[in-house]
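The structure under discussion appears below in the form of structure tokens.
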């Protein structure tokens, strides 16, 4: 299979602290991959490095949505999003003064182009584009089962809906790789099951790859094609759910020394 | 969205219609009384400069109305506040104009006066300021409707220069100012005249009012070692600088203009004020009308008159006299009367020259000796 | 001659720096703990000076000996400044903290407070400059040096050093100092460790206000007169100094104040005092653009 | 809390405030004249006042809705509800515009003049609203761009005899250029640092105007700035006042039109997103710097045009008109009206500028009230008088996604 994201020897230092240490990860097209590891292992730091929020100290991040390897480390977050990497956040970061639909409309920003003049004149192309944005946003909203909240302010949405809305917003940027940071955290078992189906559905309908950070092992094991395990910023294992389940290093990291 | 567009074009159309109608609109002011406006700072931090003029105008008008008014009409007083801000002064002026004032005593500050004069000029209203000393107001020729009962800063600066050269025999001067309208204007004039007379200006700088410390500028004065420091600005900053100079044992002469010729300067500065020179309006306290006006004020308000009271008194008298001599409130007639007819005021017998400056009003140099300003004579 | 000029400017800058430092300390302490630019801090300093003036006039009227007047009015001024600082925090900042308002709201509230306090003093007292009694006489032993540094300037310099030492002791070695440091690093953790945050914040405001009051009285003695607007200009400059040194850091505030004071003094001396303030603000802008954490401040990493 | 407790608490508060205000409010000294006035009445006033105010304060604090728990019903403010109703909205707008059109004929020239001043503030408030209300950038140096506009008209007219109608767009563009030049390096700074830097810039511009005599004529300012001319006809004072009134009304209408278009556009959404959460905003592919710069520049442009009109109205300008407090007043109009809400800002500006003008007795208290307004609004109603209500999109449930309609919006 073709890999669409290749991370080579990624290292991230904060002062004296080495949060990531020579990490190598590769993600294939249409794959659902999971990044797991104990708390503080550097999973979110890894996300922040690939999405441009942090500038990696060392190493390369390459993307190849169309087979051309392109280096993206050091680029600004918005450029990376434009190139097709979208993410959600561990602690929900929705735009609180906007409605659900508008949140998704913001997500359409990078695939549209109306400027100030266009907005003021409201000419034909701007109108058409605006219409397109609304239709598309509503479509995504429906796809994620959020259409009842269209005009609700996001602060009044239930927690689970807010989490899904974040995914919807990320989808609106038309990514080829979706990065989900703990999508199931705080959800009840039923919502988690729905999430499971939703993620599979998103992959099928949008034809994209998904990389998720998750602590819910049941979800991870049932969803993932491939799992990467990190601890103390180092990769300690990689493989299918079955392989990971039997990987002694992983078990050691999760359960501690004595159990092995 | 389409509807909004139509709405906008409709509104635009209405605008155009109303506007065309509006151009050909004229005023008709009622004239059963003669209306005299008083404008200036009546509130805010400069109120103490503006309120005495209201008192003066009231006293004069009460006296004249008691005698039956002028031209058979009573005089009515219109008081408007401009807080000494140019942007407010425009509103004040239009208020007075739309209330039908034919002459205005004011404004107090030069900046506000400049802003207001444009309005008065167009409306054909005469303004006479008791306190705006910016030379441009009269000398530029832009404001034929402006008069004043105070001499302008250029007169003062020339006097300062003359005194400094004749009496103090200075060769090098430092000119400091507070970066304000009044202060910097005065400083620029002083510098100009000093250079004309061949005196070296070793330092010309502004200080920030309200700064925590003036030692840098004082140090610079010491370094340049001038014979005299000339100050353009008001007394609070002057007092800070003099105090610091004396505390730092710098004994250079210090001279200011009417901005520091104020008793609070002596009170605030205390012993360090001794020997400071200041120019100010010529002492007219022995004039009989002056004594009378002072008595009237004490009777009516129970205190001694404040700053610009006499100038305000004189301005009111001059304006009303002008109207009386002109025989009407016609703009040209009043202007002509003001320029030709002498009038007795607390400042002496005055008339106005073609620029609008009062003749016969002058300045003297004062020196602080034993906590009072003493008038000095210029050596010839 | 030129060396003399340099010396004079140096000492002038030093005095100016210590004046800034006394105000900047309050800014930096409050910012360190609540990450709020307490815009109204300059006003506390002004209120300190006014209270000192009022109390001393009353006491003079009562005919107390000069030393008693100085001590009593200075003490009252400090107490009142602290009370104002405390009340201000309770009214304008605490409700915002409780409702988790954005930081911008707190800044707007602070600007409002500053405007309010300025006009409160303007309306209740006067807009004129009032002469401030000379608390610090010309010391006789200092007479030979008075042309370089006047007695009040000397007192200001010494007091700044003392205040700084006291503050350092307070923060490094006392229990409340420890609580302050904990709060500034992580508020949530501090609460979990049993620190009463509201108390810590109140105390920070009180200590900051006390230093401002000391500054207010000293500067009033130095300048010789006060008015309601004195806090604003001084406050802005002190803020520049605090940012320059690295806001949140106490040695930083002092260092920044001296750097600003000295550069201003030299700039005014060798170039022109016309553009002195322009220079100070440009300095601020450049510092914030190129080194937002200041001279001694720590660079922060954003958390996602 | 029981009533007894309430009273006890308020009593303590009033005691505290009586103590607090004792030296400054009760004793008035004048060290120039060496007199001391005792004003015990003030103390009683403070005591009684703070007693009741503290009860009110606590009541309001409790009533304050908690963040995140607001439901939509509470958020829709009465007025906004009305304005969103088409049947009411259009007649209201037409009546309002008729009233505005007739204004100079119904009221005196003075009233018209005051209205012009107020409308300049409305325009500036709306401009600042783009910067603060939409993009969330606290700009304390807004008045600098106002000064740029005013001085560009004054100076260009003085040196080159440029007329108002050319200066108006030119002043706007110059201010925009200034905004972009100044904004470029500083916009990456965090919220409160940005506020301070813009404050610094505002002061720098004022100080330069004050000191650079050869360029700006220094503190004595520029006088005799001509008023706008109409097709070369020299109008009377009444005529120009009316003319200026219609110009500013037109400009305000244009500003409202533009900000309304902008706030519901792609750019507008990016601004609001930026205000809500910078990091998430960037993660949506929005260029942070460019978006901020747009808001900053556009805001500056309105200020510049406001400045040109201001110069034409007062006919005299000097640096003293452009102090930081002017920025604070404009900020106050935006905060009071409701950040982000156009109706709110218009109302806020009219209220704050007209009330002190008509209530002359209170004009002394203008600034202290402004200060109190800023604090109280932040504590009790951070959203302002009229909260910004987001646009409602209507979708026809039967016809499904192909027939998306959106409602006409104010």
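So that you can tell them apart, the chains are marked A, B, C and D in the order they are listed, and the count of residues begins at 1 in each.
The rule is short, and it goes like this: contacts are C-beta pairs under 8 Å (C-beta built on N, C-alpha and C of every residue); 3 or more make two chains touch, one makes a residue touch a chain.
Fair warning: this is a prediction, and the values are worked out from it, not measured in the lab.
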Specify the chain with the shortest distance from its C-alpha centroid to the centroid of every protein C-alpha atom present. D
With chain centres defined as mean CA positions, report which chain is farthest from chain B. A
With chain centres taken as the means of their Cα atoms, state the distance from chain A to chain C in Å. 48
Just curious, how far off is chain C from chain B if you go by their C-alpha centres, in Å? 38
Centroid of chain B to centroid of chain D, CA atoms only: how many Å? 34
What parts of chain B, by residue number, touch at least two of the other chains? 1, 44, 179, 206, 264, 267-268
Junction residues of chain D, two or more chains touched: 32, 211, 279, 364
Mark out which residues of chain A touch at least two other chains, giving numbers and ranges. 53, 89, 122
Chain C touches which residues of chain B in the complex? 44-45, 47-48, 179, 205-208, 210-213, 215-220, 222-223, 236, 239-240, 243-244, 247-250, 264, 267-270
Contact set on chain B toward chain D in their complex: 1, 3-4, 7-8, 11-12, 14-15, 18-19, 22-23, 25-27, 43-44, 81, 83, 85-87, 89-91, 94-95, 97-99, 110-111, 114-115, 117-119, 122-123, 134, 136, 142, 179-181, 183-185, 188, 206, 264, 267-268
Complex contact set, residues of chain D against chain A: 68, 70-72, 75, 258, 261-262, 265-270, 272-273, 275-277, 279-288, 294, 298, 340, 388, 390-393, 395, 401-402, 404, 406
Within the complex, chain C is touched by chain D residues 16-17, 19-21, 23-25, 27-32, 34, 36, 42, 61, 64, 66-67, 136, 138, 140, 185-186, 189-193, 195-197, 199-201, 203-204, 207-208, 211, 279, 325, 328, 331-332, 335, 364-365, 367-368, 370-376, 378-379, 382
If you look only at chain C, which of its residues touch chain D in the complex? 36-37, 47, 50-51, 53-55, 57-58, 61, 76, 80, 83-84, 87, 91-92, 95-96, 99-109, 111-126, 128, 130-133, 236, 239-240, 243, 274-275, 277-278, 281-282, 284-285, 288-289, 292, 302, 304
